[in-house]
Amino acid sequence: MRLLDYIDNSQASCGSATSMADAKVWQPAEVVMNPEQLERAVAEGGELSILVVHSKSDSAKMNFNVGQHGSLRLVEVFLGDSFVECNINQQADSECDIVMIQVAGAIADYTINLDGGHADNRLRAAYVVGDEERCRVSLRVNHNVADCTSDSLVKGVAGGKAVGEFNGMVYVAQDAQRTDARQTNRNVEIGPDAKIITKPQLEIYADDVKCSHGATVGQMDGDAIMYMRQRGLSEQQARRMQLEGFVADVISVNGEIGEALKEELVAKLEKL
Amino acid sequence: MLSVKNLHASVGDKEILRGINLEVKAGEVHAIMGPNGSGKSTLASVLAGNDKFAVTEGEVSFLGQNLLDMSIEDRARMGLFLGFQYPVEIPGVTMANFMKVAVNEQRKFRGEEPLTAGEFLRMMRDRSAVVELDSKLTGRAVNEGFSGGEKKKNEIFQMAMLDPKLAILDETDSGLDIDALRIVATGVTKLHTEHNATVVITHYQRLLDYIVPDYVHVLYKGQIIYSGDKTLALKLEKEGYDWLINQHKE
Amino acid sequence: MAEKEIIERIDSEYKYGFTTDIETETIGRGLNEEVIRIISAKKEEPEWMLERRLKAFRHWQTMKLPEWAHLDIPEIDFQDIIYYAAPKQRKKLNSMDEVDPELKRTFDKLGIPLEEQMALAGVAVDAVMDSVSVKTTFRETLAEKGIIFCSISEAIKEYPELVKKYLGTVVPHTDNFYAALNAAVFSDGSFCYIPKGVRCPMELSTYFRINAEGTGQFERTLLVADEGSYVSYLEGCTAPRRDENQLHAAVVEIIVEKDAEVKYSTVQNWYPGDKEGKGGIYNFVTKRGLCRENARLSWTQVETGSAITWKYPSCVLLGDNSVGEFYSVAMTNNFQQADTGTKMIHIGRNTRSRIVSKGISAGKSQNAYRGLVRVAKGADNARNYSQCDSLLIGDKCGAHTFPEIDSHNPTAVLEHEATTSKISEEQLFYCNQRGLSTEDAVGLIVNGYAREVLAKLPMEFAVEAQKLLALSLEGSVG
């Protein structure tokens, strides 16, 4: 099932909030299509799970404030060439889990502020672009206070004459000791005219920190291809399957919506 | 079923296989033993078609066809299965999806219709019982985060799914504890029929307690220097390879 | 050992902070076409060189200061700088005995093996003091092999064809603000040419030193390794301690022809300023090499000095199968700021590059790695591996990593990794317990951390670099 079908089907059931704890089948408490402006606050100890879909060529501003001990799960999907700025402010002991996919020449610009101790942020994102599309994922994670954790993984595939860009920054303020931050960007180019630009940056002003980042372009495991061929898959099938696995790996939500997101990625890969 | 004649293969300038001769018939179990670096794993890789190795001389026929002319996947589709010593992790690719494509490719090769989703799921369930594979593992990515024992069980599970004519098991026993070894070996034995053949590559006799070989071959410096029956393995376990190597030198 | 204590002892004294009291000849402050004509005339340059300088100057006037670096640069008044200073001793020297004794003492204090021991060390030195090359050694030995190693001023006069052919081809005067300035006013520097198929029998070394007050040092180095040749080139820099800031804007150009190999090692120890951040060298350097087919260029740098460092030794991998390497240890203490790294531009097929950067920040310093790996469209099978590590000592300093990967070819395999760490109290405690002083322990840990890079330096240099790291860190840890 494709994502929009899923949304049509699930409109009825929407609003019956499923808890994030129920990891088996995730359903958003709220589905928002093409917002221009979106503000949500998660109250102290509260929860919000939200699916935001951008299917048009427009721009949006989103602000999320996650109160103490609050938790936010945001699933954001770019089906159209939107430009979206998203700010997330997290208070002490809050958690935020973001899954984002881009299958269009969109720009997603995230600023995450970890403003209270022991706030935790996790982001998993993938983009697939083709033709002459140009997409960008900007991600700035500000560790403004001590004892916060963040872990971001962004994967990209560019085919055709497309350009995929990742612009990452982990900022650790002077007093933000015991920060544990990780940021990873992995990319694959398909075809001779695709282009990947990646800038994984660190700006660190505290010494007792664990920060690491990594970026790769064009590294798929040759042994895995060989393994799959030994089981009877053609080289092309093996590569396709590996690529699907490569991007689908970021989708940590289960249930129908997770499947729908994977479908979107696979459908886009087929067009490359 | 498999006939290997004077097979030479090298990696770069280094010749590793220096004239292997081997005949395997349906219903047989062969064990290949030998000291480290003798070329056992290379033989398995070359038969599977790994292009890291160049075949420089010799012939291999499999089910009457020239094996060396075939792609890796066609060899697999014809029924040659290699159980990897180090099964590869494939992030993001689920076992179920992987096996579905593999099984259906094999069926297509044989001119059969692909399995329906229901048939396939039933098959997965049945075959995973062969090696007592936790059904949760089939929902995970291929080999990713599997323990050593799980990876080896998973190899035998895939063997059960693909029902090969010839299975070459490359050190399937390495890194297994006693229980896992028993499960894996019992699985292999269950899958053995008079219509298929198994070649096990191993360092240790203990695997051969479960998988009883008809023939034991000793590989040394790229050649089979001695062949015998199952008692040879026991003798090697006790006395090592030196006596054979010395005899070979003379 | 408490961390506080570790930090409080940041108190390193600049070992090379003496000045040489010899007469220097300078021209007035400021920069205009007239000054450039004077520089060119004093150096008895041919007309074509003057024309090049004027062209560069005119272009420079249209340029703006680059501001993208992670540096806080105080305003520099380019009209308040003396653009030419030479020891007032113009006659040609025939032997070491003729060198001004005061000058010789300076070199001795610097520890440059300029005399007999040099033969043993196998080092040929082209010492540059305040812009004019004082003495080159081993020229005859080198001349036998057809190797040219002299000051750039001499090269302009004696080998004009070589200079014309190569100067400005890798770093054109239009490249950036400081490169343009250098092209206009460069005073001296080294020229080196290794003929086809020649393996240079010794390490070539230049020692730069800024002496006169208020002068800018604008040296220019041109190194050409012709087909199939090999050279290892060492560059060391020191400057005396002064309260005011001095500007250093150098350009190094390297041409590595087909099948040739160049190793270029730098130990940069310009005066970093005092504990309060007063004084120190502003170091804006453009270094770049061009590699033809099968050529190999390896940059190794140990940067411990300068108040501000702005420097990105780069490789343009133009020829198929060429290889570029960059190994760097950059250490900052007190108020030092460094923004350094490399660019690897893959243009040819099967080109490979490797980047290993080790940053060490202490005191209130800011240390940034900035790198670019670009794979052009036709650069099939390009490979890059980058490893950028940062070590922080104390919680008032900053360590930053600004890499960029830019790939236009699907066959490229590029990998960048970065980590950040600190010297842990557990490590220090462990060392202390085994009887090491904290200072020794830190020296040990830092040298271990930088080992991969130090191992790339020629032996004599590696020992000096190790001492320098320990010296620059002196007291930065309790």
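So that you can tell them apart, the chains are marked A, B and C in the order they are listed, and the count of residues begins at 1 in each.
What we mean here is this: a contact is a pair of C-beta atoms (placed from the backbone, for glycine too) under 8 Å apart; a residue touches a chain by one contact, two chains touch by 3 or more.
The structure displayed is predicted, hence computed values, not measured ones.
Engineer: Tell me, please, which two chains come out on top when C-beta pairs in contact are counted per chain pair.
Structural biologist: Counting C-beta pairs in contact for each chain pair, the top pair is A-C.
Engineer: For chain B, which other chain has the most distant CA centre?
Structural biologist: The most distant chain relative to chain B turns out to be C.
Engineer: With centres defined as the mean C-alpha position, give me the chain B-chain C separation in Å.
Structural biologist: 57
Engineer: So, what's the distance in Å between the C-alpha centres of chain C and chain A?
Structural biologist: Distance between chain centres, rounded to whole Å: 42 Å.
Engineer: Sort out for me which residues of chain C touch chain A in the complex.
Structural biologist: 70, 375, 377, 390, 392-422
Engineer: Please output the residues of chain B touching chain A within their complex, sorted ascending.
Structural biologist: So the residues of chain B touching chain A come out as 48-50, 71-73, 75-77, 81-82, 84, 87-94, 97-99, 101-102, 105-106, 109, 141-142, 158, 162.
Engineer: Can you list the residues on chain A that touch chain B in the complex?
Structural biologist: Touching chain B from chain A are residues 221, 223-224, 226-235, 237, 241-242, 244-249.
Engineer: Hey, which residues of chain A end up touching chain C in the complex?
Structural biologist: It is residues 174-175, 177, 187-219 of chain A that touch chain C.
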